[in-house]
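Labels A, B and C are assigned to the chains in the order they are written; within every chain, residues are numbered from 1.
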Amino acid sequence: MTDDRSTAHAATSGAPAGPGDHRSGADDAPLLEIRGLSKSFPGVRALDGVDFRLHAGEVHALLGENGAGKSTLIKVLTGVHARDGGEIRLGGVPIDAADTADAQRLGIGTVYQEVNLLPNLSVADNLYLGREPTRFGLRSARRTAAMARELLAGYGLSIDVTANLGDYSVAVQQIVAIARAVDLSGKVLVLDEPTASLDAGEVQTLFGIVRRLTARGIGVVFVTHFLDQVFALCDRATVLRNGRLVGERRIAELGRLELVTMMLGRELEAAQLHRRRGEGPKGEAFLAFEGFGRHAYVNPFDLEIRPSEVTGVAGLLGSGRTETAKLLFGIKEADAGSATADGAPLRLASPRAAVAAGFAFCPEDRKTEGIVGDLSVRENIMLALQARRGWLNPLSRGESKALADRFIKALDIRTPDAEKPIRLLSGGNQQKALLARWLATEPRFLILDEPTRGIDVGAHAEIIRLIERLCDEGLALLVISSEIDEIVAYSDRVLVLRDRAHVGMIEGADVTVDRIVGAIAAEGPATAAGVPA
Amino acid sequence: MSTRKLLLGAVFSCALSFAGAAAAADMTIGFSQIGSESGWRAAETSVSKIEAEKRGIDLKIADAQQKQENQIKAIRSFIAQGVDAIFVAPVVATGWDDVLGEAKDAEIPVVLLDRTIDTKDDSLYLTAVTSDTVHEGAVAGEWLAKEVAGKDCNVVELQGTVGSSPAINRKKGFDEAIASHSNIKLIRSQTGDFTRTKGKEVMESFIKAEGGGKNICAVYAHNDDMQIGAIQAIKEAGLKPGTDILMVSIDAVPDIFKAMADGEANATVELTPNMAGPAFDAVAAFKADGTVPPKWIQTESKLYLPDTAQAEYEARKDLGY
Amino acid sequence: MSFARSFRLSGTGAPQLATLAVILFANWLVFPEFFDLRMQDGRLFGSLIDVLNRGAPVAILAIGMTLVIATKGVDLSVGAIMAICGAVAATMASDGYSLPVILIAALAVGLVCGLWNGLLVAVLDIQPIIATLILMVTGRGIAQLITEGQIVTFTHQGLIAIAGSSFLGLPMPVVIAVVLGVAAAALVRLTALGLLVESIGVNRTASTYAGVDSRSVLITAYVVSGLCAAVAGIIAASDIRGADANNAGLWLELDAILAVVVGGTSLFGGRFSILLSLVGAMVIQAMNTGILLSGYPPELNLIVKAVVIVVILVVQSPVAGRLTTFFRRR
């Protein structure tokens, strides 16, 4: 981390003299200037008189919790939404983009977390879609390819541009998207959560590209949840909260604690992130899985689940973490081994059977497997309970309203009211509503798959506190996460997976980042780590 | 005059079938039928069988289930079997040149039934036996003109499916027949898609639109099914079809004879399902002494009135309509 | 867009009722006696009654179709099921069975057809458009086998009374459509079925993971659709006192889908309203009747219909919703 920062500063100070001058003060005319920007949606004041200034050749972080107004600011800037009030100037000239294409023509390009290109077209076609170079009035595939190769070479990318974009990694797709956006616009580049699906090496590549672009005088707006990346890459940061401007700071003069405080509006109690472990036995196991597995899905494993115990699940992507969860929840039926609940055999043939046994499951992919987007927050919260009761035994409107309101309050789900479609909520609040859906069924065993992914700092901490609270109340939890720090913070024991097999169980005082990383990285047969295959 | 013409026609066809009967014996004829998409088509198939039996002809019927490729397959297999003649009720108008050329090479005469084909080479088939749909409309129009005998008469028309050739031709024939009678006026014309349901629905709207049906003197329907729907609509409006409103239609299916027997319809023009009979006779004559029939044998468009309705109903009810 | 859409869905059906009013008004313009009513043999008689009576079969189809579409499916087979059930009813009527036996048999056949569709969609996971296409294509053949290729007519007074009698002056099909519509709306809203149907329509995976018995709910939707088609088929047969296997219910599946869409239920599944689908069916029939009354040449029927539908759908589209909010704001 420290290395990253120093590199960032080295890059900043080592930049050519020209852009460095731009950066020296906020007094000279900014490249992009937003003043008093306001935007309301029915029931929500998304932006309230927000100012924002971007200088040529700088990377400017736009920060805030979910719902702070970052996305709205960007959507207004790029013409997706019309603004209610305020002014946007680019190079001193007032602009009013009608749509994203218009914004691009004006000089503002955007790259989103989910790449907005066409995976079934070639890289070259994606770069020049809608403006293909022609030769004697005909499209020339060869010329397009040559131009694409040259363009990407400028980004240090040497790939077969005639292959389909979808064949490349997200990182390459991201770079192609950036190349296209910069080529089309050329003044301002907006990067909206570009690193969310990249690994560490790819993030470094991306940063290198961003630095090259700033050296060319392009202004970059960088939206992210990762504070480390802010300190590693950015020159300046603007923080929003609840649709208002909190402040603009130079990164060099900004401490981490100050930044988090600006974002959250309160001191983060770091101590709360760590629970005490080793309080002795947690009580008798009420669930037992023996030789439980499914061919070509997850190797057979043994697992016992006790009340008031958090079992963390660690492993690399593809190691069988989500598969284990889906097997336990009956989404895939096991074809080997047995499950027992309180000593009685349990058949987990469907989620319905699992729910009937007191199981609950918050999937990793919230959007496609978790929320029912068009339905209201209330209906999403009541769904699992209603499904268990059956369609002939409906919760009355009053009952469901009371249920929803109770959980909206208890979990601090931020929504104007319970009737708002859940898709309009931020990721963190959707996650809390999904937790509410399951808590309403009063489960005994809660499985959480990546519960904090794509969630801002504040909600992140809340969800971790919630995990601990539920555990203290007697619930058994199985929590899958890619964040080892996080697993260490709340787990009583950690199940380690490798190559679709359970390879180890780390318990008590041994639960440390080093031990877990070591177990994940270890070579050798699955049995060597102590868990029978 | 028209009676005489009818009589003559009847005598002529009787004579033909008698003459043909002797020569036709022991012939084997293959018939590629379209399918059984309507009651009329089913009746055509059963009448063909009856007519073949009458003449001692061995008729092999292949049901194409509305597909040209099935018809082509059937024709090829008839050629391979070496039949004496091939009848085709073509499902579409084009694409027949190759397979009919093969039949010609094998010197097997081909007769088209009910529908014709588009080809540049007339010699591919011996003759086509079809009805004249324009004439059917004209017979209906002439009957109406005679029936109202100079009195003013507002007619509403239930058309067949828009753009279909029977609908176009039956309208044309009727319009031409009433053109010279200024007392007959076509006041409304809508499509009933040849179905009972739509015929009833359209008739309901005609009744509402024409002063509860009081302005309507006659209904001309392009087929009997729509007319049967219209009869129900008129009854439900409290009027008497056949008495308050004259009812004339085309096809001569059994149910319209029942309605005529009950006094609820006045006239129908036959689209005869007997296309095979004249075809058998033409083939028999051709085989016997090389008599080349005309390229188009027009079936008779016979007018039926309530007096024979009960008998006609009994005769037709089991033909598969 | 999302806001416009949620606004529209949470609305009270104002756009649909307004559309119906406009079309009725247009009918009055082309035919001034459109609203005239009189009693005829103990039942109301007039163009307005024709709209209700002729629209009843599509309205009944639309009830089941609404549920199916709300699950993000579609049922193309309802027209063919109408033909099959009409054929069963007519054949049994001409064989002299009693009315209850006829009705039970025809409804049972509709139920089996719906069950077949439901099993293909819910258990075999075949796309609804393909799954129901199977019965759409083969259904008429089955109906023809039952009628032996003929138009089976009957004089069974009991069966004739289904479409031919009246209640409080209203034709019986209208009464049946209203009773079924209200009963179905009550069934889905007084139980949790409506919520579960919407939930599956929006996100079947998430609903299944939440413990919803998606298969049963899907099968239920298709069975209801099959039953509604059976009722519509019985009415159609009763109306013409015969079963026409070739033409009964022909293309009515498309009218039913259109009624549902005009009623504001999205083809992408989710939020639905059965009562607004009934209004949608009336909009379509009011338009049909208006065209018949207008006296325009029949060649224009489809063009007029298409233009009106395009206008209706454009007015109800999210883009139009956004425009209205835009102008309201100014």
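Convention: contacts are C-beta pairs under 8 Å (C-beta built on N, C-alpha and C of every residue); 3 or more make two chains touch, one makes a residue touch a chain.
Everything numeric in this text was worked out from a predicted model, so none of it was measured.
Trainee: Looking only at which chains touch which, which shape fits best: line, ring, star, complete or other?
Mentor: Chain contacts: open path, no cycle.
Trainee: Using mean Cα positions, find the chain sitting nearest the overall protein centre.
Mentor: C
Trainee: Subunit B to subunit C: how many Å between their CA centres?
Mentor: About 36 Å separates the centre of subunit B from that of subunit C.
Trainee: Using Cα averages as centroids, what's the distance between subunit A and subunit C in whole Å?
Mentor: 44
Trainee: Rounded to a whole Å, what is the gap between the Cα centroids of subunit A and subunit B?
Mentor: For subunit A versus subunit B, the centre distance works out to 73 Å.
Trainee: Give me the residues of subunit A that touch two or more other chains.
Mentor: none
Trainee: Inside the complex, what are the residues of subunit A that reach subunit C?
Mentor: Touching subunit C from subunit A are residues 41-42, 82, 329, 331, 350-352, 354-356, 361, 363, 368-375, 379, 382-384, 386-395, 419, 421, 423-424, 437, 441.
Trainee: Show which residues of subunit B lie in contact with subunit C when the two form their complex.
Mentor: Where subunit B meets subunit C, its residues are 36-39, 41-42, 159, 162-163, 188-191, 193-197, 200-202, 204-206, 208-209, 225, 228-229, 232, 236-238, 255, 320-321.
Trainee: Touching subunit A in the complex: which residues of subunit C?
Mentor: Subunit C reaches subunit A through residues 2-3, 6-7, 9-10, 190-193, 195-196, 198-199, 202-203, 205-213, 217, 270-271, 326.
Trainee: Tell me, which parts of subunit C touch subunit B in their complex?
Mentor: Subunit C residues touching subunit B: 31, 33, 40-41, 45-47, 50, 54, 144, 148-151, 153, 164, 236, 239-242, 244, 246-248, 250, 288-289, 292-293, 295, 297-299, 301-302.
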